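Naming follows writing order (A, B, C and D), and every chain is counted from residue 1.
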């Protein structure tokens, strides 16, 4: 196997597509968001990228092995721009691998005519979130203004330390290719998989790209997570907090 | 020395050979199994692979040094398929090395006409095993079914985290070469060298490939290990448990 | 992106320029010194170097992303030699990267006609400094003598362990290109950003190169740091030490 | 700078030379032994090897910088075989670097006509040594026998884990070039620089190669180390042990 091997699965014509990246990261926000898009909007797998920069690993599903990879799905939205969604289970394992793999991803995106890139992710706050703000960063001042118009927050010195990994490099290397690229980072505690943060990020993305997605399944998953959080809090405090359902009986 | 150097020691004609890999890993199950095959079935060394991805090391045997390597042995079984057995003392030391070395191993296997690959290993359970199940994974559903027919277990989400290293990549990269590849993983505590787990794996392999091997020496080694376990348990509990031999005197 | 990509921003003619390097390091002495030169002497950006050896990261400034890089600024001094100042936020992330990046930096320097190199940095003493000595090292005995004449200290076995990273390699690789190179290391506690140490280093550099720089802003910053140190000491001791300002009221 | 750069300093004709390697390692035994040879037998520097696999570092001597390197010295013995002595302050920093650097060293050795290689080192015992045995390993049974004849010890399973780094690879890669290579490992506690262990190794080497070296300075250094050890023991025990010198006054 070469350093990279890209398998072509389909070659649909996409209308003015944007790249949406959701690889694993803080609170799995980006990955949850990307996978929710694929479920709700019927993504079609178009490319698989294998690489020696991924961990030397196969995953197993019902006994069948699958070599570590990242996958591009095409989503035809019928409204506004089409989507090219990049997701997977792995990040590159070394610094140079991050650079080289992001270049590989941008090659695929340009093949499909992508001119705009959205890297989705989470930004850890260290505490449970009440209101899910979305922080942003972009390759140009004009793009920053555009994001601000749909409610994306920009705060001085945030995220501290910049943006690391493929999300950061999609901006850094995207700019060097004259692509418009932005990172949308949902606030999240950083402790748990966070479907609410993913929903906040997707709400912003909808406005920017012009598609419509149902959040029902993401909200259900968020409720399950909240149930988990409540149980953990009970265990810590020793006394159960009555739930809405409990109160119904009491009332 | 180049990144890889493969030394040809012999070139026997093999009849429809399968590759059997048993490099060091959990409970040394794969290595024990592969070495038992070589002892019982008179393996002939055919290739040695040296590599800059191995540790920079020589082993010493009676004062003589030997550079880190992996070795292929040919086993002519006279029944069913012949075997090409890969074993050694080292794994690659870096991620890319795992990918590149597995490709190197598959090149050698294809040179001998291999179309089917068995990666042998152990899967850690964290507790002492009563009944030695063998878990499996394979590159196709048809191969999964075939393994199931000879008693290999398939469990949801096991092994969690997939299969890492050369065993995993023999499946991942094997599939990309259109080879049939399977991993047979004997359950093992993970704490000790486990000859019983190796025997369980070989019993399955016998059925699949069609050879016959005597387990006498492996059973002796298993008894020695059990003696070790019993002594450790005694030390922990402070009171000796009577052995069968002790009981003979008492009775 | 290639292993290195150097972007040309301007190509001024420089008169007998010296390279002044101030990348991040102990007490940020080198970086503070280099940035002070750029502020006071109106540096003009001339080259940006991007590299796969930098961390895979963008920094964010008012929402705009910038790919990890190092930057060269030209400073025309009107007295003595011009300066080519190298600064940035990152070091190479791996051993070979240090070698290859330093070579890249020296290529840029030679393009501008540089024949002399000053690497600025700090040397940690582990205690608060009263008098800020500057330690030195250079590629030739003649250059060592020249440094000694302007007050640079040379002590046996200091710095212990030699000089690591780009500062060290500017000497090591510079010498192999027949460049004169020196390292000027301001003593610093190693615990805090140290503007006084940066001033000590720049004072020596002024004498050696023949330019004049105002230290007002650096002194202000030093006073701010001293205020921080005094507050930390108060917290540790529980009792406040009267400041000059306090004493004015008392007296 | 390239991955390796070898500087030629002199090209003396050597009579049937052997390579003697003494790079840093356990108890600095190899390095002490090699440097003692150079001091006593008037070594002439013949090659310097610089490499990106060394740490990115200069050492400083009286203010002058020197890039990390390894050095070959020629020693003309007038009796028996001449010596090509390899020493330095650094080892390669990565696995592949060890392989590639050892090949580089063997290239230099073959340029001078070397057919026999001695890697000098220490083997840690974890306790203070009374009698300094020298353990061995070699590339052929004939060479093992030859070493045994001059008192080198060979013990089963020692050194456990084989021999790692350049010393091990001089055997492993040397054998692949049809060179005779041996490792001579002086027993040493592993806690301290050990001149006595170096002397034991050199005594064996003298017999094998046929030169004569005075051990006076090495013995002095051993006495200094013993003084250090005695002082450490006193501090640990609280009561001073009378030294020979003390006893002279008492007696």
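Following the convention adopted for this analysis, a residue touches a chain if its C-beta (ideal position, glycine included) is under 8 Å from a C-beta of that chain, and two chains touch if they have at least 3 such contacts.
Chain by chain, the UniProt names read as follows: A, B, C, D = Proteasome assembly chaperone family protein.
Quick caveat, the model's predicted, so the values are computed rather than measured.
Path length between subunit B and subunit C in the touching-chain graph (shortest route): 2. Residue numbering at the subunit A/subunit C interface overlaps only partly, since under half of the positions present are found in both copies. Most remote from subunit A, judged by the distance between CA-atom centroids, is D. Note on subunit C versus subunit D: their Cα superposition corresponds to a rotation of 90 degrees, in steps of 5. Averaged C-alpha coordinates put the centre of subunit B at 39 Å from the centre of subunit D. Residue positions of subunit A touching 2 or more other chains: none. Under the stated contact rule, the graph of chain-to-chain touches is a ring, a single cycle where every chain has exactly two partners. Taken together, the chains touch in the following pairs: A-B, A-C, B-D, C-D.
For subunit A in complex with subunit C, the touching residues are 92, 95-96, 98-100, 102-103, 136-141, 144, 147-148, 154, 156, 158-159, 161-166, 168-169, 171-173, 175-176, 181, 183. For subunit A in complex with subunit B, the touching residues are 1, 5, 50, 52-60, 62-68, 93-94.
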